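Presented sequentially are two complexes of chain A, the first with chain B as partner and the second with chain C.
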Partner chain A sequence: MVDMDPNAIINMHNVSFYYGQSRALTDITMSIKKKNVTALIGPSGCGKSTLLRLLNRMNDLIDGTRVEGEILFEGKNIYASDIDPVEIRRKIGMVFQKPNPFPKTIYNNIAYGPKLTSTNNNDMDTLVEQSLKQAVLWDEVKDILNKSAMNLSGGQQQRLCIARALAMKPDILLMDEPTSALDPISTAKIEELIEELKKDYTIIIVTHNMQQAARISDETAFFYLGNLVEYNKTEKIFTNPDVKHTEDYITGRFG
Partner chain B sequence: MKWRYFKQALFFAIVRLSSLIIVLALGGILFYVIINGIGVISWDFITKPPTDSMTKGGIMPAILGTLYLTSGAIVVGLPLGIVSAIYLTEYAKQGRIIRIIKVGINCLAGVPSVVFGLFGLGFFVVLMKFGSSILAGSLTLGFLILPTIIGAAEEALKSVPQTFREASLSLGVSKWQTTFRIVLPNAMPGILTGSILGIGRAAGETAPIMFTAAAFFTTKLPSSIFDEVMALPYHIYVLATAGTNIEATRPIQYGTVLVLVAVVLGIDLLAIIIRGYMRKNKKW
Partner chain C sequence: MEERRHTSSHYEMELQEIKNGLIYLGALTEKAIQMAMQSLTERNSDLAHKVIKDDDEIDKMDTELEERCIRILALRQPTAIDLRFITTAIKITGHLERIGDMAVNISEKAIQLNEEPQLKPYIDLPRMTGLVGEMIKNSLDALIRNDLDLAEKVRQIEQIVDDLNEQIFRELLTFMMEDSKSIHRALLIMQVSKNLERIADHAKGVADMVTYMVTGECVRHQTCDLNEKELA
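Here is the complex of A and B:
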């Protein structure tokens, strides 16, 4: 694992994480490549979602948690005391497991973040259109922008959530099992979308679906019981992993 | 086997009977009030002040006074209660101090209303020099209904899905913006539902206003919040206990009770309408 990869956007050094007394992540060192899709896989409770939520400081919301080590984003430790987590979250967006649009109109779902965080709002219509087009939702919703987002289907809602995150023009998009609540067709659409988005964004995705990781990611990290077992090119992981444990998991021998 | 079915039937019968008793009690009270009070209700009764030592005439000043005091209590209690609830649920670190504060709020809810009245007299009327006035009465009633509102607001805030907060925060929106733009608007219908109880209570209480706001008798309508007012519950109390001719005012007493009940129901109805309007966008 290369420490100072010039293509890396995130560098984690010896990161451990605790919920109260119990340790959820142990000594993770890895770097995430810019404009790549990195998949985090592993059985439930292995710490992959925890790691994802560490990257935009969403774990701050849980009382009694503690982080050790450092996570460098563009060379700066996002857990340094002078860093505002709100700023970090603007640059590192997130899409959740269950689509969670606000009970607002489609338009206002997209405009919500930019309106509250930027001073320059003179072209909101363009931004909304752009974001929805990027999330390949525009054609489906362009005539119902003022309807409630709650009326959309699950797959549409999830793409709306992606568009909402993109409207903030983040550098990184974190996705926490974004298709686990969706049907296969919606899932395929999201996967296509991820393929498209990686031209402009760095994407880190947690998934339980091995085929999904194999299909869409460039790098894959396998976690087990809070440890990073193997981190490699996706191709390598799924054809000829270095660690026996990884192979067992991928071939379905456990987990 | 038979015994088991019998037990079940018996249990259901008891449950049904209990519900029936409650409905009958409520219906009985309403029926009694309407039968006895409807006779004196007229346009003049609700638009004219009392005359002839309160044995004739209407109760308009008392209706108006109750509306003023109740609105005042809402203006005092609702914002304060909501802000406290926001602090307790969204900001405060859950721990011993918060538990103590919550116990304190629950105790406040159990304090007899006459104690609130005495507090209002000592603090607002005398110490703050507001005199017996709409202001002092509204503040006293506002504090009286505060625990109800805080409780309702806490429940409503907690029922807003955590995923809404997460979604907003993950966009880099600050916590207070998330609270005021996402959490509070979605909690508002619930807050109003719960607050209706408190507001109804504010309209109907006698003890908190008898020292702080209510006038025994005044034909003059208040011109500022520093004036005394008549109020429906206190008027009923006065007519029933201290009137010059209690027998002669009996129909007026029942009429006043009927109006009071109608006013409380009216306030509830208004809150329900506002809630329905706010709920239209709520779908999750």
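Here is the complex of A and C:
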């Protein structure tokens, strides 16, 4: 197991989560390292997406849910009463399974968030360009910024969503199966992008594609039935995991 | 610990076929060594020629097993214990193929020795042959049963084979000093002994890979260094 790291950007202590009466996560304690890619893996219903959504308070939007324990982001519990969830979501951005661009121009997809939250819109062109460059989309769209984002391919739309998240200048990017709806080439581009982005951002990714977790992550956490079974260096998980259950899962000896 | 089966029965079968192939290859090499030694002790060069001819089968099996392993790496992307098993299998098949080559070397020396009067009764060489045969068998049993103790036992026998080899060298030196006409035959016998000692190294290599497969720990440079001996 990975020790509590003083350089961690997120520290979770004994986190449990309930949808009504049913418990989705049990007593999770783990730290997420800064500027690392952390992969969350496990079979459907194991709690990995629930955990991801807990990290930027997306579960607040679901009625009847309850969180126990604490999730410290930069030392502060993000579930404390004086914390603004909107501010948390600005610092901890999210990219979803299906690309979900706004039905607006490419330019306005990027500019929408910053315009809402910032009073200083002078450098909007620069911000749009920077964000699209970071998401390695600029060269493909620089001449069609005023066209609708809906005309882009699935892979381009997903990179646009990443650019949109980056425009808010977050510290952490949460990705919930960001490539499961994409073809192999688009997937490779997103994976390449993740490798680039980890120089500046902390990335937490939920994936069902084990090879993807193996390829792009530094640490991997395996969840089963709401429990954190093993959290280890990715290389260790995929060559010689400490827990038999992890091995059974990643080698396909399951159920 | 009982291993659970893969959800994919085809994958399970592919891995099992590689295991079976390794056992078969091991049996072929064991037989080759025994026949090579028999050709020497019974002064029967026909047997030696048969070992040389049969080595083609060992080479073929080696290539086939390696191809199967590469196919699994490419198509199944094995991880954890499966990954360690496949990498282990690739190395083991290489060790076994080399053991086959050593049996050929022994046979070639036997043919030459059989053409001359016997220098001395062969006592320690058949003993070494029995020991290396046991090492090969045990190392492959260890592979099938994930048996670390058996792998360790193989490493221990290797030391006995080393000692016997040195003893044979010393003994043959006395022959050579006493009678210069014995030098050619003594050198041939030394090479037979050296080949048996090298077979023991390869069998130990198999056992070391089994330990790696089970524990994930590389032990092969902790005791005796195969590469150093290869260069010597």
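Quick note on the criterion: the second predicted complex is superposed on the first by the 250 of 255 C-alpha atoms of A that agree within 3 Å, B and C clash if a C-alpha of one lies under 4 Å from a C-alpha of the other, contacts with A are read in each partner's own complex, and residues count from 1 in each chain.
The rule is simple: a contact is a pair of C-beta atoms (placed from the backbone, for glycine too) under 8 Å apart; a residue touches a chain by one contact, two chains touch by 3 or more.
The structure displayed is predicted, hence computed values, not measured ones.
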item: Which of chain B and chain C A:Val86 touches, first, second, both or neither; value: first
item: Contacts of A:Leu72 with chain B and chain C, given as first, second, both or neither; value: neither
item: First, second, both or neither for A:Ile194, with chain B first and chain C second; value: neither
item: Which superposed partner A:Ile41 touches (first chain B, second chain C, both, neither); value: neither
item: First, second, both or neither for A:Leu173, with chain B first and chain C second; value: neither
item: First (chain B), second (chain C), both or neither touched by A:Asn240; value: second
item: Partner chain(s) touched by A:Asn100 [first = chain B, second = chain C, both, neither]; value: first
item: Touching partner for A:Met150 - first (chain B), second (chain C), both, neither; value: first
item: Chain A residues touched - chain C or chain B, whichever exceeds; value: B
item: Which superposed partner A:Tyr112 touches (first chain B, second chain C, both, neither); value: first
item: Contacting residues of chain A [partner chain B, same complex]; value: 56, 58, 61, 63, 86-91, 93-94, 96, 98, 100-104, 112-113, 116-117, 148, 150-151, 161, 164-165, 168
item: Residue ranges of chain A in contact with chain C within the complex; value: 210-211, 214, 237-241, 244, 246-248, 250-255
item: Interfacial residue positions of chain C with respect to chain A in the complex; value: 1, 3-8, 11, 77-84, 215-216
item: Chain A partner contacts - residues on chain B that touch it in the complex; value: 93-94, 161, 163-174, 177, 181-182, 186, 281-284
